[in-house]
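In the two complexes that follow, subunit A is the common piece, with subunit B as its partner first and subunit C second.
Right, the complex of A and B next:
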């Protein structure tokens, strides 16, 4: 419990710093909210009037205070682009992205863990070389390349999956999955490469430990030794890296969702940036940071279940 | 050959059939540098109810032999390329382990042959409970129900004398001490009542009291179950205590085989004689007052007994007064200091010029922290340290740096203490350049000179550390320490990682350097027999405190403190006629030196029973 409180406190501090940075950066950028609303050719007097009404002439500290108070109390303001309250927009887009993030992570882990273990078991043999080559290919080619390839193959040529669009899981779960699948696969392939390397390195270390030899000396079958005795020790480190990859993933979805015209957080961030929708930019950055931190906190809280040596205190 | 062997060949009776017989075993490893023959040609037998010790130095092939018996050697890239390993099986046909298929081998492993390994800290899977690890062998090899397996597991823990077995089953390995873990590992190996137990250096990583307990446990289990034990070790003292018969190995070959008495009282081969001569024996130095080099047959007889008289008048070099070193333990939301590890608690002693003072004790007793505190590698909390009259504690950073020229340190692991990217010339010259002690032209002369002193050929100057053996590396570490001409060298377990014959050479080198250069040593070690050999004075540490200090003969011939006596009783003696490991030894575990903040320990009260012989009385 003390650990949990400590982590929440440090998360609050980090979020506070992030809020200051996003707020400052968006204010330094040329052009302000009033200009965005009225357009560049607008009447200077009306512009000044709007600035006064929006409180843009107040000291920055006041403006920040108002904004952060709103964020904390649930009043996130209106998007300039969508002319709607930001809160509900983000909630909806977050659901869409959660689907992609979870799906791509699942794809990455189900491919990476067996491949990494396989590599470690056959270390420095052809199996290892093969798996390393696949990994290197995954890392060296950018996500959007995989995206384009997948569209060409699965959407255009085979027609198994839609090439773009988003369906809410509440409407039709199967269709939602179908729409999320290709962008998730493209993201998952990039993620997989890192996770395979990580699993291989961790498992290589574990398999050289004495308890593996002890397990074999008991007469246990090789599959038990590797997939139970060995892998149980690798779950913690692999999950930690997977958690850290979340940040990377939220960066990647900006490109991937735009490519597949999948209207999630990534797409939203891109639209917000494109249209200089300051309130929306601030809110999305803030929410993404919070979500990434939360996921990592959850991974850390789960750690004692993977490894009894870890005590959270 | 032993009586038993003759008998069995004559009568060919069931009773005396060997459990395993190795017949011209050959094991090879494929490496990048070509084929390496780890075991060349080994034949020996193990009979029911006997303990056979497989003894040899690193690289002798003793572990590879034992791993081959379990066919575990293949997992490390080894290959059995010749010979037979016949295992007599209960009610089944004799199996040749060199050829059996994987499934048969798996039904033998952990069932008919049990095995325990060296490192209790890593022998258990950290993420599985003790119960799971103890019962999975039973589930595999027997048809017991879940509740029966659990009962059996509790029984096994009781058998290896683990208190609170039911509670232990729920625990994880990290919650147990090293000795307890090794007991669990033994219980695991014993689970299916194997007819042969292979123990591969099972006590090498343990403290001497725990070693004594584990050895006595293995002896008791052997007696109670009638199983045979194949005991692999490098430690001749352990061999003397445990073996019925001994097989001596060297570089993959069998050198000599015989009963333990034959090997120890009348070794036939030169190698066996050398091995035995290199082993310091506790009690061997009784009646002498000065350190004395070890006999190394074959080596030149130039090592003369150290004189102890080095032409300098007896003068105190190092004075340590009331030294206290504590390490903070942090906890809580704000990571505040919640407790202290009392590593060194009010320790005082002096070392004269040209004298060796040994600090002995078990792991965690504070002996290493004490050595590091003197160099201020860890900052002492209080106390005073005077080196040659200079107050070390009061020095600032720059002064301390130059003061360290006079006190150098040699660490335990010569693999880790040398920079792998530096050639020997740079390694040895580095301290000189650090302190600006020699001009460019002089450096080479000094390095050559030092290399000669530590008895390494000058052709080594261009070598990297990985091109040297462990003993050679430790010589380099010593060269680095003495090149700046220090008056005090602190050696922290400097010979513990070395093979006995190499250990003897390094110890002799240290003693002759002392003679030649008038060095003082603070010799930190856990090995009582080595300490007896090399030291003038001995301090015994326990829980951060010096419990007894005195001259070598006072401590070894007249130990007064209870802990010193416990320690002595646990040291195995390298003589099969003096077996001191009884059948059920159990020592009090060492309590924790962690105390809450603000805890003030009592001031130590010492009683001086003889001139210079102090005993802690509280």
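Right, the complex of A and C next:
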């Protein structure tokens, strides 16, 4: 419990720093919100008036205070692009992205763990070389390139999956999965590479330990030795790396959702950046950083579940 | 002798060959190929498949893909190298100071670095690029800043380890100053890790540049860039898949080469991590 409270406190400090960085970076923008609302050709007097009304003449510290107070009390302001309150938009897009993030992580883990174990068991044999080649190819291709290839193959040539769009899971779950599948697969293939390498490295270390030799010596089936004795000990570090990959994933969804016109958080961030929708940029960047941090916290808290020897202090 | 031998395995040879080829193309292609070759439009030969006149086919404006992909090498290598150098220039002193002195300096600096690490690198790079206005120079700055926290974190860990070594202690007791200890004793001993990480960062920087340009927030037309070429190919995938395959393969081969080279470099320079 003490550990949990300590982590929460440290999270609050990090969130505060994240908000400062977000606010600072977005305020280097030339031109301000008033200019964006009224356009560059607008009447200077009206512009000055609007600036005063929006509080853009106040010192930056005041503006920051107002912004962070709004964020904390649920008033996230209005998007200039969509002309709607930001909070509900982000909530809806987050649901869409959660589907992609979870699906791609599932795809990556289901492929990477067996492949990594296989590699470690047949270390330095052809099976190992084959799996290493697959994973090095996975990291080397940009994920949007995977995306394009998957569109060509599964959407255009075979017609199995739609190549763009988003369906909300509440409307039609199967269709939602179909729309999310190709972008998730493209992301999963990129993720898989790192996870395979991690699984292989951890498994190699564990398979060379004494208790594995003992398990073999007392006549346990090789299957039990590898999956129950070996993998049970290797899964902790693999899950930690998977948690850390969440950050990478939340960066990649910006490219992937734009490619597939999948209207989730990544697509929203991209639209905000392209149209210089300042309040929306601030909110999306802040929310993504906060979510990445939260996911890492959850992985840390789940660690004893994967490895009962670990106690959180 | 033994060091050279270690490079001569399958992975090493392929990695070095690929990296060497791309670097040579990046340096010499712009000197040999007249710039108009890559911008000359031939509307009658739009989206033509690979043939004798155009080895790799043409794009939607009838421009020769072979020349464009060759010239794109310079853009990619240029941006990736400058960005990684920039993150080294900021991250190396930061990590060294943080790891060497420890204590409060370390706490404050690493807190900042950890916060920056909560921002996905691509998101940070995209935001910086959008804020500064996308062009070649700002793409370098954006990727450079986005990569800095990763390097700083790694260098800090290494500096911390080396600073506790007996030989550093020995130098300190014989009266060496802090700056002399950092530059003369800590820095040279963390160089292997820095070199390996920089090589791997180069691979990531090339992917990041391609991603940024693909989204229109990196290199801007008419500059030839692999990411831009893939972006342009999106509308013609059905009729002309080669417009995506040519630049995509170029990115893949470059990153593949850098990754393999980095792996072998790690085995040679950093024997502790050998698997």
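Assume the second predicted complex is superposed on the first by the 313 of 313 C-alpha atoms of A that agree within 3 Å, B and C clash if a C-alpha of one lies under 4 Å from a C-alpha of the other, contacts with A are read in each partner's own complex, and residues count from 1 in each chain.
As a convention for this text, contacts are C-beta pairs under 8 Å (C-beta built on N, C-alpha and C of every residue); 3 or more make two chains touch, one makes a residue touch a chain.
Treat the numbers as computed from the prediction; the structure is a model and nothing was measured.
Asks: Just subunit B (first), just subunit C (second), both, or neither: which does A:8 touch?
Replies: In the superposition, A:8 touches no partner, neither subunit B nor subunit C.
Asks: Who does A:306 touch here: subunit B (first), subunit C (second), both, or neither?
Replies: first
Asks: Of subunit B and subunit C, which one touches more residues of subunit A?
Replies: C
Asks: Taking the superposition on A as described, I'd like to know which of subunit B and subunit C A:102 touches: first, second, both or neither.
Replies: The answer is neither, since A:102 touches no partner chain.
Asks: Based on the superposed arrangement, let me know which partner A:153 touches: subunit B (first), subunit C (second), both, or neither?
Replies: A:153 contacts neither subunit B nor subunit C.
Asks: Which of the two partners, first being subunit B and second being subunit C, lies in contact with A:216: first, second, both, or neither?
Replies: first
Asks: For the complex, which residues does subunit A have touching subunit C?
Replies: Touch residues, subunit A against subunit C: 13-14, 17-18, 21, 25-26, 28-30, 136-137, 139-142, 144-145, 148-149, 151-152, 156, 201, 204, 247-252, 254-255, 258-259, 269-270, 273-274, 276, 281, 285, 288-290, 292-293, 296.
Asks: Which of the residues in subunit A come into contact with subunit B in the complex?
Replies: Contact set of subunit A toward subunit B: 2, 5-6, 9, 209-211, 213-221, 224, 229, 232-233, 306-309, 313.
Asks: In the complex, go through subunit C and note every residue touching subunit A.
Replies: 111-112, 114-123, 126-128, 130-133, 203, 207, 210-211, 214-217, 227, 230, 233-234, 237-238, 241, 244, 248, 251-252, 255-256, 259-260, 275
Asks: In their complex, what parts of subunit B are in touch with subunit A?
Replies: For this pair, the touching residues of subunit B are 70, 72, 75, 106-111, 114-115, 117-119, 122-129, 136-137, 140-141, 172, 174, 185, 188-189, 331-333.
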